[in-house]
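Consider the two complexes below, in which chain A is the common component and chain B and chain C are the respective partners.
Take a look at the complex of A and B:
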């Protein structure tokens, strides 16, 4: 092991090719991970921000806000369930918004929420016709005090302030009181208008086990509701699961490539070292320790690559203009990517095991170097 | 400069090597190749023998069996009083590390380690002792006249110096027997004689037995005894 590490210090050039390749792979991993997190966080912000354990949809809605309607009667049944400590109505309408003064392309995708219980980071519901705006809408030229015109009916809402990390399905969100939301919904989506007191879903807090309370709610409403955890509700947002699975597949393939690169590189290196291994085995080195040296070298190459990849990820985070691409740097993602790369390198290098075992110490004798 | 041990060396009566009717057969396809045919050989505790024979005669096989690299097909092998005939590969590996020294043809130093580190490899591949090993390496380098070359890479050393580093490495584990595989093949006559003289001095001053494989008859007079091998059969 010490021998292997000293070899890396004395002959760094030998490992350069593998290090460069793995560094590029590591940068790709960090970028993919950052994009995945960025996309998911931008899709789920509005739901993640809810101060709620459970989200109650109507039973036939399949966890879709668009299809879901919860009437005041159902709400009363939910409020009566033991363990439910608070219930808030919520509704969302996805529309295009005209941003005045933003040039010819003044259209921004928005999701207007009507809410009763303030989510994390969002103040209490504002007055009629006023909204809190998602800070990512600043990239679309939205300013405080501005009046946006929503949907085909150009329903006006006035931006009274900004809130962070509350995007919904990739669009910037606007947060108004239930009346504001209903007015905009009914004006622009007359086919799916909502009556006073009706919401699309309820956000519920509980002081008991959320899953048992969820079951109790659905029983109390005689199966009229489908109650899920907040995480399940955010995963149910359109595209979230698909994005996650596509990106995870690409990340998986990238890791396989990393393992193959390491396997090929160390296979070549091991072939070059057959003579040296023969000598070392003859003087009493065990195959196990020689193999441990190979794995240690692969691990050092992978960790170096991961370190450079991490620096790259941080630089991306610092220098990417906000809103350019949905990139999000999460420490957990960096750690997971680094550990995955390390594992791929260890797996790749272990393909050299057979070759190391097969080196015959007798080959050292009767043979000029 | 060879340091003479001030204490008189007590010659170990245990033979360094006892081969008794050793046969080694390699299967090649349907036939068998007999590399060593009922070889019987005893080497005393501080004896240096020259093993002489043409290529393909079985020198390598004999050395490999004597050094605990190969196990015989038949017969018994006792090295330094320890019967290693039926040792497993792992036991043989440990045995070699503790009891046998090797100087390979073409020297075969680790190219990315300094002279001193090449000696310390022997310590690092086993149970590390650290400071005692470093003291021993420095002492050996001093005795071999390499104290000022200790920090040099093999590529920066002359052929004779590399040969001496290899001898130092073979002595690091304080072996009972050292196997020299063609130690002078790459050297001219003058340097070859110097190396043989050095080998003799080093072995004798430490009472270590040695087998010197050579086909260079000019070098055999540095040995106590010459053993010839032809087609796997030994003759004195």
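Take a look at the complex of A and C:
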């Protein structure tokens, strides 16, 4: 193995092709991973932030806030279920927001939440007509103290402060009290009006097993509700599963490409080094050591590529203009991408094993000479 | 090739697998986009008008009476028809599912442009569904109930490629949609139209009408039918995501083929040198190499296409796949071209072979 590493130091040019290709692949992996994380985090922030174990929808809504309605009567049934410690109503409406100073067609996509139970990082519900704004809306020019006009009816809401990581379905969120949400919803979405006391969903905390309490809630409401965990509700947001599936597929294909590149490159290298391996075997080197050398070289190339890819990802995170693309660099993603690339390289280089084992010292020396 | 069947067979298998994956993902992309915006692309209004707030999303758009009056007053506007749309929970085929209901006021201003079976609705409570959703409880004669109210819509017609938001989609008369709104939400007020379908007056083009409507009020966004489909939210993202996948394939195919033939050429270096020494011309050897590339890639493309063929009649979740002969042809030509291009490195090695080295027992290049 030491010989293999020394070879890399003395003839780095030989490994340049594979290193460049793997570096490009590593950069692509980091970019794809960052985009996936950015998209998912921007879609699910508002639900992930809920201080709740369960989310209760109406049974026919199929976990869609838009299609769900929970009446005060159903809420009373939920509150009476043993193990339920707190219940809060929640509703959301997605609209375009006119921001002071922006062009007449330059609207910001927003999701206005009406809430009773404050999510993590969000203060208690503000006064009527006031909202806490998602900090990503700063990219759209939103400032504290401004009055935004929401929807075709231009419903005014005043921004009283900012909160972080609470985006919903790719849009920046606004958090107001239930009356504010209901007024805006009814003014701008007459077909989706909500009566006083009605919410789209309930967020529930429990001191018992969440799954058993979820079953108990649905039994208590005679099947009028569909109760799911917070994570399930988060995954049910439109596009989340599809985005995850498409990006994971791209990442998977990229890793297969990395393995194929490494496999073919080291197969080529091994063919060119048959004579050298023959000589090494003739002087006592074991096939295992030679193969370990090949794997070590692939690992070094992959780790170098991963390191450059990580630097690229960090630079992208630092220099990308705010709001340009939904890119989010997470340390876990960097580690996962680097490990996956390393594994792909090791697997790819393993295809040279058979060729290394088959090297016959006598014939190899003969050919080399 | 006949003597190294396993080696070439593996390469053919690898190429076939790549071709299969490419064709599958091409069909998936086309199916996904059609499922999202097919209803916009294949409705019959030449121009659609949204409220600017909607950001080109039909369901998010609301046309107030004032905006509607403004559109009707624009010079060059011929006919105007209201379009309403919403996604509701419905019972179809014995189970609850989400379905988009699109209500149109007039034929030619928001109805499906053609039917594959049945007829257009003539009364409230009738609808047209996409032919690929037939097995999900949206077949001719099936009754779909909008929940929780239970309002019934009977399917009387079938159309093709008319889904919206990757959901089963029903086109109905405008009044049917209004009743569906009430059934889905008892608290609903009288709904406003989500969009307007516009037909230009004689002698005026769709693009001219679009320009004039957009100039009338910043709260209006008019788009031609084609633009409304291609500029719908999410379409560009889906297209670019798949473009990345196809780019990766375009990278891996020449790499796999090129490196394979380079290895083969290196392994055969001594034989090729001897052939050169006994009089074989470089061009003959290169032609042999190219013939191998064409046979291997051609067989790979053919097998990959045959593997994809039965899959093209299936669905992936809610997305129907299809066999697009033009796309298959384009990929076949592209992959053959990439294969031939990638053999350039091997051809260069063959051309660099020095016949004299055979005399000294050499042959490695």
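Throughout what follows, the second predicted complex is superposed on the first by the 361 of 369 C-alpha atoms of A that agree within 3 Å, B and C clash if a C-alpha of one lies under 4 Å from a C-alpha of the other, contacts with A are read in each partner's own complex, and residues count from 1 in each chain.
Just so it is clear, contacts are C-beta pairs under 8 Å (C-beta built on N, C-alpha and C of every residue); 3 or more make two chains touch, one makes a residue touch a chain.
Note that the structure is a prediction, hence the values are computed from the model and not measured.
Student: In the overlay, answer first, second, both or neither for which of chain B and chain C A:193 touches.
Tutor: Second partner only, chain C.
Student: Is A:283 touching the first partner chain B, the second partner chain C, both, or neither of them?
Tutor: It touches chain B, and chain C stays clear.
Student: Identify which of chain B and chain C touches the larger number of residues of chain A.
Tutor: If we count touched residues of chain A for both partners, the winner is C.
Student: Taking the superposition on A as described, I'd like to know which of chain B and chain C A:144 touches: first, second, both or neither.
Tutor: Touch status of A:144: no partner.
Student: Taking the superposition on A as described, I'd like to know which of chain B and chain C A:261 touches: first, second, both or neither.
Tutor: Only chain C; A:261 stays clear of chain B.
Student: Does the superposition put A:17 against chain B (first), chain C (second), both, or neither?
Tutor: A:17 contacts neither chain B nor chain C.
Student: Which partner does A:222 contact after superposing on A: first (chain B), second (chain C), both, neither?
Tutor: neither
Student: Just checking: does A:64 make contact with chain B only, chain C only, both, or neither of them? Give me first, second, both or neither.
Tutor: second
Student: Using the superposition on chain A described above, determine whether A:272 touches chain B (first), chain C (second), both, or neither.
Tutor: second
Student: For chain A, give the residues common to its interface with chain B and its interface with chain C.
Tutor: 367
Student: For a test of understanding, state which residues of chain A touch chain C in their complex under the given definition.
Tutor: Chain A residues touching chain C: 21, 28, 32, 58, 60-62, 64, 66-67, 69, 94-96, 104-105, 107, 109, 151-153, 186, 188-195, 198, 238-239, 246-247, 249-250, 253-254, 256-257, 260-261, 264-265, 267-268, 271-272, 367.
Student: Touching residues of chain B toward chain A in the complex: what are they?
Tutor: Residues in contact with chain A: 59-60, 63-64, 67, 69-70, 90, 93-94, 96-98, 102, 104-108, 110-113, 117, 121-122, 124-126, 169, 173, 179, 181-182, 185-186, 213.
Student: Quick one: in the complex, what on chain A touches chain B?
Tutor: 2-3, 6-7, 10-11, 275-276, 279-286, 289, 361-362, 364-369
Student: Any idea which chain C residues touch chain A in the complex?
Tutor: For chain C paired with chain A, touching residues are 21, 51-55, 60, 62, 64, 67, 84, 86-89, 96-98, 147-148, 165, 181, 184-185, 187-192, 218-219, 221, 234, 238, 241-242, 244-245, 248-249, 251-252, 255-256, 259-260, 262-263, 266-267, 364.
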